[in-house]
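Read from first to last, the chains carry the letters A, B, C, D and E; within each, the first residue is number 1.
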Amino acid sequence: RVAVQKTGTFAWELAVIRAHGLDKQANLSVQVLELASPEAGKIALRAGNADIVVTDWLWVSRERGLGAKLTFYPYSSALGAVMVPASSPIQTLADLKGRKLAVAGGPIDKNWLLLLAWLKQGGIDLKSDATIAYGAPPLLAAKTLSGEMDATVNYWNFCAALEAKGFRRIAGIEDLLPKLGAKGRSAMLGYVFDDKWANTNRDKIARFIAMTRAAKEILSTSDAEWEKIAPLTGAPDAATLRAYRDRYREGIPRRPIADEEADARILYRVLAEIGGHELVGPAPELDAGTFYHAIPGD
Amino acid sequence: MARLLSFAMFVAIWWIASLFAGDAKLPPPPTVLTAMIAEARSGNLFFHLGATLARVTLAFTLAMALGTAIGYLMGRVRLADRLGDPWLILLLNLPALVAIVLAYIWAGLTEVAAIAAIAINKLPTAVVTLREGARALDAALDEMATVFALPRWSRFRHVILPQLSPYIAAAARSGLSLVWKIVLVAELLGRPNGVGFEIGVAFQLFDIPLLLAYSLSFAAVVLLIETLLVQPFEARSSRWRPRAA
Amino acid sequence: MARLLSFAMFVAIWWIASLFAGDAKLPPPPTVLTAMIAEARSGNLFFHLGATLARVTLAFTLAMALGTAIGYLMGRVRLADRLGDPWLILLLNLPALVAIVLAYIWAGLTEVAAIAAIAINKLPTAVVTLREGARALDAALDEMATVFALPRWSRFRHVILPQLSPYIAAAARSGLSLVWKIVLVAELLGRPNGVGFEIGVAFQLFDIPLLLAYSLSFAAVVLLIETLLVQPFEARSSRWRPRAA
Amino acid sequence: MRLEVEIASKTFKSAAGEQHDVIAGVAFALNAGEVGVLVGPSGCGKSTMLRILAGLDPDFQGRVSRPAGARIGFVFQEPRLLPWRSVEENVRLAAPLADEPKLSALFEILELKAHRNHFPGELSLGLARRVALARAFAVEPEFLILDEPLASLDAALASRLRDEIAMLIDGRSVMTLLVTHDVDDAVRLGDRVILLSPRPARVLADLPIRTPRGARGEVEIAAIKSEIMRRIDGCPTKQGGS
Amino acid sequence: MRLEVEIASKTFKSAAGEQHDVIAGVAFALNAGEVGVLVGPSGCGKSTMLRILAGLDPDFQGRVSRPAGARIGFVFQEPRLLPWRSVEENVRLAAPLADEPKLSALFEILELKAHRNHFPGELSLGLARRVALARAFAVEPEFLILDEPLASLDAALASRLRDEIAMLIDGRSVMTLLVTHDVDDAVRLGDRVILLSPRPARVLADLPIRTPRGARGEVEIAAIKSEIMRRIDGCPTKQGGS
């Protein structure tokens, strides 16, 4: 049983899986619970209505620290980006100083925190040096589009949509990671499930991961497949769909899980420092059991 | 007649405003109508509207029935009021989000949890309104009913209910609107269908015409119920009132 | 006394329930209290509570004042009722999300937009309640006021207001709760502070104790206002009522 | 069936916090078939006493033994009709057992035939009072309580109704308590006239009238009237005023 | 200052949809300082007429010329007090100009002194009516309308109040309209007695009484009374009943 956000990328993957009968090949019966908001998945997992949801390792580690034994397997390394209108005078991240900046997801959003950490290394404290508007991602995307905001830090799918409308990408958050100590693109999003459930369903999980890999493969090689799932993405035009496709492909995690975990450990420290206790909970370090290691071939 | 006129005025104002504001800020009526028709064609509109209406009906009925009973009790019995009041204020001021999240965590992402959470959100406002109604009951008529030994049911139906009816009407109307606001949150957070679900999707896609199409469809249903059922009934049951100019 | 008892009972039930349900499903009172104290220490609690209270106060006052006036008019003047009714039903059934999103789109991510959106959400429920109140006004007292040529203000204050007061009380209590529910959505969607903002953060982290800490703090503020201000005032102004047993 | 009343005291605490003594010792008894008339100055505590006797106010010092479970017909001082029910419904609700011929007869006597379908708000005060009378009679009461039943009616109608009441009481053994300000009514209807003092109410005199109602001549009536007038000391008779 | 009334017809449409003719042609005039008394059977349309004359009901056929802007004092048939204001506040609200000595005197006359701080719900009906009287007198009306002002009061008090009303009217040139069922009151207070038919109301007789109020002897009063009784045809006098 998996819970997905109806407009999320996971839903796209599942559509491909069904279209190609991958679930039958893997001998899995996938029950999909479609939900309408990102937080709904966490509720579904907590309430026991779903076995697998997609969210980030930050939350998993925090929950482990608080006693809920969840575990994580990489799903996507796609992160947000900083977007400005094409004609904007903003050229580099440092130019964001003194601007009106729309931050999607609020002050504990990982994109935002990573950006802050990066800029801090350059001696800029954006939190006090810019006018910041927190808010819901779609609303802020629209606000940036209408010109009310100078720039936005937003989730990658909204950025892709903006890009298709001619907006300029100042920087992808994933590009900032090396400077923060990570060795590569870290997959912050992943499949999350309960330890106990995982222990009893080892085989099922392995088959599930393999199945989704196959789907990712299809999506990364076949453009025709994108035409088929176009209605799901809500992309109003071909340009947006193309942007979605490219960003999605970039985000497919291809690194060994040990590397991912090592990077996560480093980034966690960075985030813990900047986000503080509120963000990471009682644990200053990434909880040891956060990553799921039982997949053959990692 | 006046209603039709008023409705026409509404559409006109909307249209003109959308011309001034631009499509992006406020889509004009035809755009929204197109979205509505498309959704209706595909059957989506009726499916989601139906799911939401079922939830609304259940939660509303539950909350009104319980709320009326508790509110009456608190209005009549001093002790009940004293004991219940802190709970009432707490419930009144419990954010919808919190109630819904807790309900889902406890009872799972089930229909029962959703309906219970919605009913719990609406309940205290019904209680508060009915409590005022019960406090304002006429003691003289009560004495009359006692002396003439009116049976319990007859007393409720003919002496008490008519006095409470304006309060019930107020609680029902504003309560329906509250239920409707909350069902959307509940559907957003943990139901795989319903208008709230669709509005959530439309919001994620920032599809304003779709957003409006669903919102207005629901309003239209309520408007229909009001015009065809509630208002004729109200007119009948308030015949006794001296007509105002 | 009864209030204290009731409050103690609430905490006890909560505690026992949390023991049964387990920490993850319902944190026990001390955990929430700890979270509350931590937030209070850091000053966050008061900052966000203050921001929200300011918004609530403004939006509430605006909506109540306007709602009372419009509701009174619609209850007294047949034509106003006929013309206004479809608009009222539409507004009543406009989802909070839609109103807030539209307000933010039109007026920008500003304080004004937030307060206007909240007020617009609350307005129709106040109108609906006050309309019932105005319809139930006593014509006999009205005639008395006319014959004795009571000045406008005196008539309003001494003849009309006391008759409307139970309806105003009901509209205010359930209205405050509605405003509070909606301010959270407004803050969640586009304000950089306030309890709703914090609840949004807590929700993203799925930090139930923090969620409850903020919710209960607000409820506590309202409880305090009720106990110290509203209820003594109500007791005074309803002295004339024959006391119930 | 017998009513025994011994109210030692009744006080009200007003909302302003003052204590008001309303009854300061009233004792009397009434047998089935008897009509007791309470006469006393306005505000002396008559209606309060009736409410106690009907069991509506348990908060007093003393003892009242009422016929248990007796059907009560009460004509309150104000009509107390349900504004949202028609005249006919108002009567039928209180007297679900009354049949159509009975109601017709009552409406005929009380001249209410044209108003059956009216709501109370569409009645004159006199009409509303008559509806209250119809309601009390329709229940075929064993204990009839009348608080100024004939006020607000024109002289002709009042006199006709007085005769009707007398007939009704004589026909069946109804225990009746009547409050009136009209000494004439009191003497013509009562078997026992109880005179009350100003607030707090005490019994000034308890005058039995031994001649049966039907047999009282004008001379005897005038004699009892002047006796009553004399007892209400210091009070100029209405006839002698101005 | 003069009141001229010419009501051709007044009909009510009841909620049940029936048409009720209430007034079918009433015309009379009243001069300043005069007391007009309306006498008619219960439900004939008297209160309706008073409401029209006070300007509360514009929906009728005919013409009423009232003194423009005259201060009106109206004692409604029911007290119509504000339940949420004390007795004193009820009076003061209607008569903001009345000063303390004046109010004291009024409360003294009406025996309301002990009840100044009571709420209307704590009054007996007779007391509430007296408050309504106090309110109407406190405004020092130029046009005084009294709808059965002395009902529900005991005989002694009623007779004292009747004298007070007479004094008040004679003292200043108040135009007064009085509705009463008590022929005695009518003859002792009125300058002109207007007898009305049963519903729909027509004027049966318009009897002027030319002797000034103070000078009327008992004999003359009795004569006018029997004249009135005779006019109300078919009506047995109250004295002669049973």
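Rule of thumb we're sticking to: contacts are C-beta pairs under 8 Å (C-beta built on N, C-alpha and C of every residue); 3 or more make two chains touch, one makes a residue touch a chain.
Which chain is which protein? Per UniProt: B, C = ABC transporter permease; D, E = ABC transporter ATP-binding protein.
Bear in mind that the values here come from a model prediction, so they are computed numbers and not experimental data.
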| request: Looking across all chain pairs, point out the one with the most C-beta pairs in contact. | output: B-C
| field | Self-contact between copies chain D and chain E, residue sets same or different by half | value | same
| task | Compute the distance, rounded to whole Å, between the mean C-alpha positions of chain A and chain B (ABC transporter permease). | result | 38
| task | Please compute the C-alpha centroid of chain D, do the same for chain E, then give the distance between them in whole Å. | result | 25
| message | For chain A versus chain D, what separation do you get between their C-alpha means, in angstrom? | response | 85
| task | Identify all positions of chain E at which a residue touches two or more other chains, and write them in rising order. | result | 15, 78, 119
| request: Could you list the positions in chain A whose residues touch two or more of the other chains? | output: 39, 46, 136, 139, 142, 146
| request: Would you give the residues of chain B (ABC transporter permease) that are in contact with at least 2 other chains, written as numbers and ranges? | output: 25, 101, 105-106, 196, 199, 203, 239-242
| query | Given the complex with chain C (ABC transporter permease), which residues does chain E contribute to the contact? | reply | 51, 54-56, 71-74, 76, 78, 80, 82-85, 89, 93-96, 119-121, 135, 139
| query | In the complex of these two chains, what residues of chain C (ABC transporter permease) are touching chain B (ABC transporter permease)? | reply | 2-3, 5-7, 10, 21, 25-26, 76-79, 82-87, 89-90, 92-98, 101-102, 105-106, 121, 124-125, 128-129, 131-133, 135-136, 139, 166-167, 169-171, 173-174, 176-178, 180-182, 184-185, 196, 199, 203, 208, 211-212, 215-216, 218-219, 222-223, 226, 238, 241-242, 244-245
| task | State the interface residues of chain A toward chain B (ABC transporter permease) in the complex, per the touch definition above. | result | 5-7, 33-37, 39-40, 43-44, 46-50, 136-139, 141-142, 146, 234
| request: Provide the residue numbers of chain D that touch chain E in the complex, in ascending order. | output: 12, 14-16, 18, 20, 39-43, 46-48, 77-78, 86, 111, 114, 117-119, 122-127, 130, 148, 151-160, 162-163, 166, 181-184, 188, 232, 235-239, 241-242
| task | Using the touch definition up top, name the residues of chain A that touch chain C (ABC transporter permease) in the complex. | result | 39, 42, 46, 59, 62-63, 67-68, 102, 105-108, 132-136, 139-140, 142-143, 146, 148, 278-279, 281
